[in-house]
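One structure is given here, and the rest of the page talks about it.
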Amino acid sequence: MIEFARSMWMPQAASTHAGQVDGLIGWVHLLMLVLFVGWGIFFFFILVRFRKRRNPKANYEGTHSHLSRWVEGAVAVIEIALLFGLSVPVWARVVANPTPAEEAMTIRVVGQQFAWNIHYPGADGVFGATSVDLVDAEANPVGVDRDDVMAKDDIVTVNQLHIPVDTPIRIELSSFDVVHSFFLPEMRVKQDAIPGMTIPLSFTATATGEWEIACAQLCGLGHYRMRGFFTVHDQAGFNAWMAERVAEVEAASQPKGFFD
Amino acid sequence: MHNNGHANAEGHGHDGHGDHGHGAPESFIRKYVFSVDHKVIGIQYGITALVFLFLGFCLILLMRWQLAYPEQALPVIGRLFGVTRMPEGVMLPEFYNQLGAMHGTIMVFLGVVPLAVGAFGNYLVPLQVGAPDMAFPKLNAASYWLYFVGGVIMLISFFIPGGAAKSGWTSYPPLAVIETAGQTWWLLGMVFLINSSLLGSVNIITTIVQLRAPGLKFMRLPFFVWAQLVTSLLLLLAFPPLEVAGFMQLLDRVAGTSFFMPSGLVISGEAYTGSGGGNALLWQHLFWFLAHPEVYVLILPAMGIVCEVLANNSRKPLYGYKALVYSVIFLGFMSFVVWAHHMFLTGMGTAISTFFQLTTMIISVPSIIILTVMILSLWGGSIRFTTPMLFALAFIPMFGIGGLTGLPLGLSVADIHLHDTYYVIGHFHFVVAPGTLLALFAGIYYWYPKVTGRRMNDTLGRWHFWPSLVCMVGTFMPMFVLGMAGVSRRLYDGGATYAHAQDYLWINQLITFSSWGLALAQVFFIVNFFVSLKNGEKVEDNPWQGTTLEWATTSPPLGHGNFEAPVTVYRGPYEYSVPRAKRDFSPQHLKRI
Amino acid sequence: MRTRFLRYALSKLPFRSHLRLLPVVALALLLAGCGSDDEDGGGAAASGSDTAASAETPAAAVETDTNSASISGTITFNGDAPEMAVLDMAADPICDEKNQENPRRRQVLVLGEGQAIANVMVQIKGTSLPDMDHDMPDMVVEFDQGGCQYSPHVFALRVGQTLKILNPDGTLHNVHAFAKVNAEFNEAMPQFRTELEKVFDKAEPTPFAVKCDVHPWMNAWAAVFDHPYFAVTGEDGTFTISGLPAGTYELEIWHERLPAQTVSVTVGIGEKATVDAEMEVPSS
């Protein structure tokens, strides 16, 4: 079923839970296909069989068949089976209960018109304090309080999300201004970013690659260009990337100046 | 001068058909402009709604150019839109967003609902229940004029500084709150449209409950009337929350309140100056609490029309009339408890998401029953492929596709990938465009003789039908491919920015070509519609040999009052091909079969 | 004609006060009503560009002695100059690529030789000016977004003067001007839209921010004057305001981050006053 779904134009899948999403999509489409083709053939047969020329006088009684009730019942049963067999468990496991912070690499993502701010906690694994009062689009996009000890090693990028492969990633998603939607097509991850809320999500990439973050919710005139870049490295590559960022932060790690 | 209350004997004499309103100009205005006759109001609704449907279609044609040829100048007409919309003929994202928001708004609130409920409901419900007029004729006129004013406000908003609303027809805050003044106009327009719908639905409900002809028991009502009754109940119960939400958003915009604006917003790097403390999700709940029932408001009258046409053209009763009625009531009820399936990705826990998935799966059952009833009703019939029948038949598989593609969207895990992609667009357009619109066309062809006394041209009708069907499928089917590929909706460049969309950009062109074909096909309809007014074949009072009460009077019906004498009903609505009857139809109002 | 009437009618509606955005056409219409003040009378043009030194006394001012005084000076920075951080433009590869060779730096504090500060806006406060008419320069003020950084970083122009905004980048910029007195505007410039013209219809001497939301690091400051007595320093830190009638003026020296200063200057007919100022980081 997974293959069936992916044969239907879906993008590459590269996360541990992608198969479950694609599997459900495959099963549902198979059900839809069977129903549509079955009904379609029956419908077409009736149109031909009972056209006026073939059947000049209508039958007041029509059909007394109860077959349709069985079909309707069967459809309902299959739907409930898909719901409780596939959708609910996967939702409970993957979406509603994301990997806890201590078992995953946690990254904060804050949407804004029209960019994705990516905030890594740095080597200490603890996010420094942030405040919207400190937000400066140019110098401090997420408002990290550089006076906070925990913030010293925090790394902030714009539109550049880099993660290591085969590592559980936990993303804590929020938004500064309007509703955005954080979409990683290849990870089968999509989550609305809603101002005033922080919504966690998690996934584990199974392949390395360079992909994109798409915004899936209309957020203004730049919505179509609210594209981020998403790179899954092997562990070594990720370490190297991270080391570069750390070096940048350290190079700039004079005490927060008046002009910062 | 009678212009209030129910039509009476005096009204018949005064408003007799064929009176061209010569004499004082007031009487012309009373009769044709500020009329309180449900038939005139129905026609007013119909014409206005068709004009808005055409406008809404033009908006999407403009957008389709931009999607097929992003950031390229629209030849010839592009420059007419001015530098604030299409400088050098190339569309700006702001204008694209205006077109998108207004296409949805116009099609739903100014096109389909007024046509399905305002026009068909107004014209036919009193006739089909054997009433001389709606229960509240003046309220009826007020309803139309509120709608008209709401529509004018929406149109004017295109010309104000900053242009029309551009936050989608869903108007999610905070975006809708911080966007330009067009959104304020949108909210004001919506207040008029909502009040129009509320007045109209009260009227239809009262008419159906109180003004049924003697003998017209509920279980003898034509299914169309049932559909209108449930539709009106939905409108009556679902619109007030949106009206309240609309006022709240209006206050957020103009009075500095923060119903939908959380604390700590930073907009363009500047702290938001409102008080904060609100909740952006609250709007989504209030909006979808209306907007999901609204989907059934769009589809139920269409189902009603299709059932009328199917029974008439298969010359036999509907299979499972009771199942239909119970299904439509159940559907109406369930439509109030599925709204959050539009919001699976707003941070929903397992319990809530399971609840809304379950209700969504449950609501698919009555839909399937209705479709099954429609198909099985044809079994044993003697099917005539008239123009209205072609449209009604096409509704079945088209609505079928629309309904079936709702399943993956209703399962939250599948929705992770498909949410906010073109799959959603394809899904609901199959429901409302090849679904509802084809049914509404069926209704227009079917009742045109009732309204005008003339038949629309059959050949032109077929030329209208086949290209429309093919082009609609060609327009909306490829959207499922785009959606599976993960191309988001509402993108100004149709996804050209994104790597994962690159292989599918040609589909945008395919869709655009199909939509042009669809536009061309409508020429046959427009020509047919106007030419038939003068030159259509004249028909007798009951040209389709129908059984329901609207055929119990002349075509077009007598003036204000509808029936020459009160009618009495003796049987169910679809007594076609009754054994031992002389003819293959036994009208409801005739004692003898 | 009908749309023009419509716009006029709409401008009279109460909602107008809540409009965040006025289109160019409406601005132009409004200007037609209130721009007549600028048409005749003496006065001098001032440069809206970032080189105040280029401000020249136009011929019109020389004919009469009354408007011949000038104020000039140099603004310097007193303190340790921090190095401006390099801008990370990885968020948009198009920007990144354009600046591979010479990475752009932040422009909060731009210093020239000898601690001279650029991007300081010097203006004569309107309240200290006598009532008089001013010539309208026909020069267009250019505001360039090339390389995903605004240039000039601080600029000023006259009420009614055309601002030409350029986008040579082949990427989307949106020009979001946070005007408080004039209508705030936010317009997209997709890659096809290489030029956009804007006109402001009201004086707004307190500088307001201009930002691009697609590229959060992009910001600039702008002010709008109903007189020609303003200048913005270049990297040499100098400014000249000329064509002044004799009088005592309040001279305001503004920098986007450093505390503003106000100096009272008296000039006689034809006098050239010099005002040098030092700006510094506040102690607290």
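Chains here go by letter, A, B and C, matching the order in which they are written, and residues are numbered from 1 within each.
In this text, a contact is a pair of C-beta atoms (placed from the backbone, for glycine too) under 8 Å apart; a residue touches a chain by one contact, two chains touch by 3 or more.
As the structure is a prediction and not an experimental result, all values here were calculated from the model.
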item: Chain nearest the global centroid, as defined over all protein CA atoms shown; value: B
item: Highest C-beta pair count, chain pair; value: A-B
item: Distance from the mean Cα position of subunit B to that of subunit A, given in whole angstrom; value: 33
item: Inter-chain centre distance, subunit A versus subunit C - centres from mean C-alpha coordinates, in Å; value: 44
item: Cα-centroid distance, subunit B relative to subunit C, in whole angstrom; value: 52
item: Residues of subunit A whose C-beta touches two or more other chains; value: 112-113, 137-138, 220-222, 225
item: Subunit C residues counted as touching two or more neighbouring chains; value: 172, 186-188, 211, 213, 216, 219
item: Shared-contact residues (touching 2 or more other chains) in subunit B; value: 92-94, 268-269, 492
item: Subunit C contact footprint on subunit B (complex, rising order); value: 71-72, 82-84, 87-88, 90, 92-94, 156, 159-163, 180-181, 184-185, 253-254, 268-270, 492
item: List of subunit C residues in touch with subunit A within their complex; value: 82, 84-85, 87-88, 90-93, 106, 108-109, 171-172, 174, 186-188, 211, 213-219, 257, 281
item: Partner subunit C, residues of subunit A touching it in the complex; value: 112-115, 137-139, 141, 157-160, 220-222, 225-226, 228-229, 248, 252, 254, 257-260
item: Subunit A residues touching subunit B - in the complex, by the definition given at the top; value: 8-11, 20-22, 24-25, 28-29, 31-32, 35-36, 39-40, 42-43, 46-47, 50-52, 55-63, 65, 68, 71-72, 75-76, 79-80, 82-83, 86-88, 90-92, 94-97, 112-113, 132-133, 135-138, 143, 176-179, 181, 183, 185-186, 188-192, 194-197, 199, 211-212, 214-225, 227
item: In the complex, subunit B residues that touch subunit A; value: 92-94, 97, 100, 166-168, 172-175, 178-179, 262-269, 271-272, 278-281, 314-317, 319, 345-350, 353-354, 357-358, 361, 364-365, 368-369, 371-372, 375-385, 393, 396-397, 400-401, 404-405, 407-408, 411-414, 416-421, 481, 484-486, 488-493, 497-500, 504, 576-579, 584
